[in-house]
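Shared between the two complexes below is chain A, which pairs with chain B and chain C, respectively.
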Partner chain A sequence: MIPTIGHASVLLGLGLTAYAVVAFVLSARARDDRLLVSARRAVYGSFAAAAIGCAAMMISLLTHDFSVLYVAENNATTTPPFISVISLWAALEGSILFWALLATGWASLVLWRDRDRHRALIPWAGATLAAINLFFFAVMIWPGNPFALTAPVASEGSGPNALLQNHPFMALHPPLLYLGYTGLAIPFAFGVAALVTRRFDEEWLRTVRRWTLVPWIFLTLGIVAGAWWSYEVLGWGGYWAWDPVENAALLPWLTATGFVHSAMVAERRGGLKIWTAALVIATFVLTLVGTFLTRSGIVASVHSFTQSAIGPWFLAAIVLALGGALSLLVWRLPVLVGGGRPSATVSRESAFLFNNVLFLGLTFAVLFGTLLPLLVASTSGDTISVGAPWFNTVTVPIFVALLFLMGIGPALPWGAASWSTVSRRFTVPLFAAVIVALAALLLGLREPISLGTLGLAIFVGGVMLDEVVRGARARAGATDEAPPTAAWRLATRNRRRYGGYTVHLGVLVMAVAVAVSSGLAVDRTVTLSPGESAEIGGYEVTHDRLVVERLASDPRVIESRAEVTYRGAQSGTLGTALRDYPNSQAAIATPAVRTSLGEDLYVTLLAFDQASGEVTLHLFVNPLVVWIWIGGAIVGIGAGFAAWPERRARAAPITERAARPAAAPVEGL
Partner chain B sequence: MSRLRWLIVPVVVLPLLWLFVSGFGRDPRAVASPLIGRAAPEWSLTTLDGGTLTSDDLAGTPYVVNFWASWCIPACVDEHPVLADAHDRHGDGLTIVGVLYQDDPTSASAFLDRYGDAGYSHVTDPGGRLAIEFGVTGPPETFFVDADGIVRAKQFGPLSAELMETRLASILPAARR
Partner chain C sequence: MTRWLLPIALGGALALAALVAVGLVARDGSGDAAGRADALARELRCPDCQGLSVADSPTESAREIRRQIDDLVADGLSDDEVRAHFVARYGEWILLAPTSPLAWIAPFAVVVSAGLGLGAWLWRSRRNVGAAAPVGGVSADERRRLHEEAEALDG
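And then the complex of A and B:
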């Protein structure tokens, strides 16, 4: 019964989205508002259909209904309820169902919020979004049916993927990432709409920027949560391995970040239309490529759970989206050319443009490294892998250059910068940076890249702090407000600017944490009998005993756990384990991480001998790692602040313009 | 503006299409077995009905070593009839041995009761020693050994009827095919 309802709701979703596509296109042609309203309602309806589908799947999982193939493959009678619920995204078919929920949700949200705006754009944007959702519903009807039944019905299923069961972060990381991925269809849809209607105006740009920023926040948090998850679960002491699927999430993030920046220049001085449209298209196509790489199984990755029949479908979608959007762009090329005012070499505009060149360079480098194994396999048949050293060598210099631009860009004036402005703003931060870098050198940081990054971060932070303080002082002087009040008011009246600063601050925190943790981390592998100890980075780690037992929460899982006492900057006991899941080929490591603001003690069990109780442990002391996650949170908060709707949304552009003359005297201080 | 600008579209789309299409059908995790062309590992293991079976017992006839588990759904269920069919058709000319991969004999017997026991032997592999010697990464994986005890082929993932024929061709004498 429940699976039938689920399948019926998918069919309903298919019908509603198909109708929405047609009705949106007709409403654009006929300029018929009733048709537009009905198309919009069909999209709301498809969201409800996807929600019913997801609910049906969750009920099937919670009741262990093994007549559904997906449940039989991803659930067992012993699976705890929480894991059952998140198993919705444990494998391919369920992920697509969940994906459809988020995609129709975003489409409904944007159509509802902008119901009285953008009359010319909405039909085409709506048609594009509905067409994308139509694709996901079609996948669920044909190659990836989540409600496919199986007979005879097994009395026990094989249980969820072991990696998914092992950490509560699996409840967080995929939804955040999917929210980012699916949301980035919105700027694409508006891009298509603008190309069709030739409306590349300021209003379009503002709308698209906001609808990029919101999914961008989720994508950012999803990537950071994924890094955190891999740090806590995979047991190799690191958080980023340049795995194809990590890259798949990073690629659209890079182009979307590039877009958020170039949109500001486009808004300020016009022009850049081709560039803007290309970035929007690239971002969406890269989300599809990412999904394709993850789900088709054509590249090896920890994420490629299945090889499936949906590969060709996704490929068709990529070709259609890329080919279609690119054709539109080429078609409209004559009306997109020109329109911008030229900018001086040293100015905020040119800093933004350099920034875009660098983001594009990063995108190409990461894309090339990700696809190279595939390219080599297709041409010569050899198997190669492009590893972290290659990616680090290629990307770290670009990241460092971006960091530098991040510091000087926002402090440079629009138009043209004079030498005196430049020297006045940058001298003190530069000195501070050199002093801190020298101090770090004396304290033992030897890696040139780490030292450079730290110094740069101080420089950038100094420039930013100076900006904020000067702004707040100027406002306090002009309005008689207390400086903190003045700073807050200034920020809430210039959300984009100060939200942007906060994002940059978060990036700085992350950059310092990455540089220091990769430069100063220590690790060693030790084999200890019960009662023996080892030293690592100021800690004494003692192996107390080896325990082998079945998990209380799921008796099919056998846990072999080393119980360890540690003394040092942090003290206490921990258990680090290997877990044998019946449906997993290899034992899954369950590392123990003891986090403090200064450093993490990270202990992984590599091997054990049950007879003697001897264990082999990999010990790490990783400084400042927690600041990577804190930095990620700051980025999210800053971007949220920037994207937060102004109190009177319609008056927003006026407020912003009014703020500019007020800020002008600041320039001269 | 020149009509040549339309060339951008195929120039961007076609290489990407070619790259991805050529990636289909290749399994990036299917590592060729270093055992191919070499003597199969030797073993002596307990069968599900309590007897002992050794690799020496099989010497002189081609044999198939199939690593499987009752929890390996649906792959092991899918290939089960293919193995049974091969066993029926080739009779004494081919021995098939099922090796339990991280599975307990009770569940395995229940699996055979449910999906049909074709009559060939299944052995338990305590500690997964044989699986390690064969370099198995996960069930189902199947190795094809010829009459001289040399591993000739490996199947990564479930066997279909066609795959079974192709793989068997490498170990069966031409007359028997």
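And then the complex of A and C:
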């Protein structure tokens, strides 16, 4: 009964989105808004249909209804309720159902929020969003039906993917990532709408910037949460392996980040229309490419847990989206060319443009590295690998250049920078960077990458601090406010700028943490009998005993756990285990991580001998890793601050529009 | 006074950058046996994982390869000979970084040519602006002054 309801709701979603596509397109020409209203309601309806579908799947999982193939393959009678619920995205078909929920949710949100705005754009943006959602519903009817039934019905299922059961972060990382992915369809939809209606104006740009920034926040947090999950679960002491799926998430993030920056130049100076449209299109197509690469099984990855017939469908969708959008772009080329050009080689806008070169260069490098094994295999038949050593060597110089631009860009004036401005703003931070780096060198920091990144971070942070202090001081002088009040008011009245600085601060924190943790981490592998100890990075680690037992929460799982006492900067006991899941050939490591602000002690059990109680442990001391997650949170907070609706804009959109022409001559300089 | 402070700071920063570069090159060139074995383990792929290196992977086969690397290094083989040993046994696939120079050059070629292209475009448009008559009756000087005032207001 429940699976039938689920399947019916998917069919309903298909019908509603198909109707919405047609109604939106017709409403573009109609004088009457009733068609538009009904199309919008059809989208709300498709969201309700996807929600019913997800609820039906969750009920089937919670009640262990093994007549549903997806439940039989991803659930067992012993699966705890929490794991059953998050198994909605444990495998392909459920993921697509969940994906449809988020995609229809975003579409409903944008149509509801902008219901009284952008009358010309909305029909085409709505039609594009509905067409994308139609694709996902169609995938669920044909190649990836989540409610496919199986007979005879087994009395026990095979249980969820072992890796997904091991950490509560599985509840966080995929939803955040999917929210980012699905949300990036919105700028694409507005891009298509602008190309069709030729409305590439400032209003369009502001709308698209905000609707890019919000999904961007989720994508960023999703990527950071994924890295954190990888660190806490996979047991190799690292957080980023340049796995194809990690790259797939990074690619649209890079182009979206490039867009957020180039949009500022476009807004200031006009122009860059082709570039802006191309970035928006590329971002969306890359979200499809990522899904295609990993879900079709065409590249091997930790995430390609299912291979299925959806590959050709996604390939068709990519060709359609890319081909359609590019043809539209070429068709509208005459409207798009022209506009302002930067007037100086050294200025804030040229810094933004070089930033775009670097972001697009990174996108190319990551895409090239991800696809290279595929290209080589299809041309010469050789199998080659492209992994961390290649990606690190190629991307680190580009990341360092970006970090450098991040420091100088915001401090350069729009228009043209004079030598006196440059020297006024950069001298002190540069001195600070040199002095701090020299001090670190004298204190014993010899690792070149950590040292270089530290110096660069001090420079960039110094320039930023100077900007904030200068602004607050100017405002305090002009308004008689206390400096902290002045700083806060300044920030809330220039949300984008100060939100952007906060994002940059988070990036700096992450950069230093990544450089130091990869440069100064120590690790060793030791084999210990009960009672024996080993030394690692100032810690004494003692193996107390080996315990082999069944998990209380899921008796089908056997856990072999080394109980360990550690003394050093942190002291206490920990248990690090290997778990045998009935549906996994290899035992799954459950590393123990003891986190402090300065360093993590990370212990993985590699092997054990049950008879003697002897264990082989991989011990790591990873400095500053927690600051990567803290930096990620700062990035999210800063971007949230920047995207927060401004009071003025919400209360009186008409006055603001009226006020704009008066301000334009100054802004346009 | 500030006129010569920036060159000094720049000089210090460049010296530091050079130090970092020298440190990176020097680190790659030398190293004891354990350091060399570590570096090699990071370059070789664990045969039964998804893209993790031998150094990072906890699996039995990765640890077996790690032991072989230690033995080969102890036997006095050079880094290239160790790599060749594993390529002969597993194929090119075992190396995590491709050997073809094209694979290394392509990304940098794209970034550098795009950067040069943008630089040339900016340079040309700067000259055009310089040659053009004042826009809307506002002279270049006036534009700059207005601009600096707007910047100051902007914070």
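Going forward, the second predicted complex is superposed on the first by the 643 of 669 C-alpha atoms of A that agree within 3 Å, B and C clash if a C-alpha of one lies under 4 Å from a C-alpha of the other, contacts with A are read in each partner's own complex, and residues count from 1 in each chain.
Criterion: a contact is a pair of C-beta atoms (placed from the backbone, for glycine too) under 8 Å apart; a residue touches a chain by one contact, two chains touch by 3 or more.
Treat the numbers as computed from the prediction; the structure is a model and nothing was measured.
Looking at the shared chain after the overlay, A:C54 reaches neither chain B nor chain C.
Legend: residue contacts after superposition of the two complexes on their common chain; A:A639 is shown touching neither chain B nor chain C.
Of the two partner chains placed around the shared chain by superposition, chain B is the only one that A:S158 touches, whereas chain C remains out of contact. Using the contact criterion defined above for the overlaid structures, shared-chain residue A:G471 touches chain C, although it does not reach chain B.
In the superposition on chain A, A:T150 makes contact with chain B only, not with chain C. Residue contacts after overlaying the shared chain place A:A521 against neither chain B nor chain C. For chain A, the partner that touches more of its residues is C, with chain B and chain C as the two candidates. By the document's definition of touching, of the two partners only chain B reaches A:A72; chain C does not.
Shared interface residues of chain A, touching chain B in one complex and chain C in the other, are 300, 383.
The residues of chain B lying in touch with chain A in their complex are 1, 5-6, 8-9, 12-13, 16-24, 26-29, 71-74, 102-103, 114, 137-138.
For chain C in complex with chain A, the touching residues are 2-3, 5-6, 9-10, 12-13, 16-17, 19-21, 23-24, 27, 42-43, 45, 50-53, 56-60, 63, 91-98, 103-104, 106-108, 110-111, 114-115, 118-119, 122-123, 125-126, 128-129, 143-144, 146-148, 150-152, 154-155.
Put simply, chain A touches chain B in their complex at residues 69, 72-73, 150, 152, 154, 157-159, 292, 296-300, 304, 307, 311-312, 315, 318-319, 322-323, 326-327, 330, 333-334, 337, 371, 373-375, 377-378, 383, 580, 582-583, 585.
Residue ranges on chain A touching chain C, taken from their complex, read 235-238, 241-244, 300-302, 341-345, 350, 353-354, 357-358, 360-361, 364-365, 368-369, 372, 376, 382-390, 393-394, 397-398, 413-416, 422-424, 426-427, 430-431, 433-434, 437-438, 441, 446-449, 451-452, 455, 459, 467, 470-472, 474-475, 490, 494, 497, 525, 586, 589, 604, 606-607, 618, 666-667, 669.
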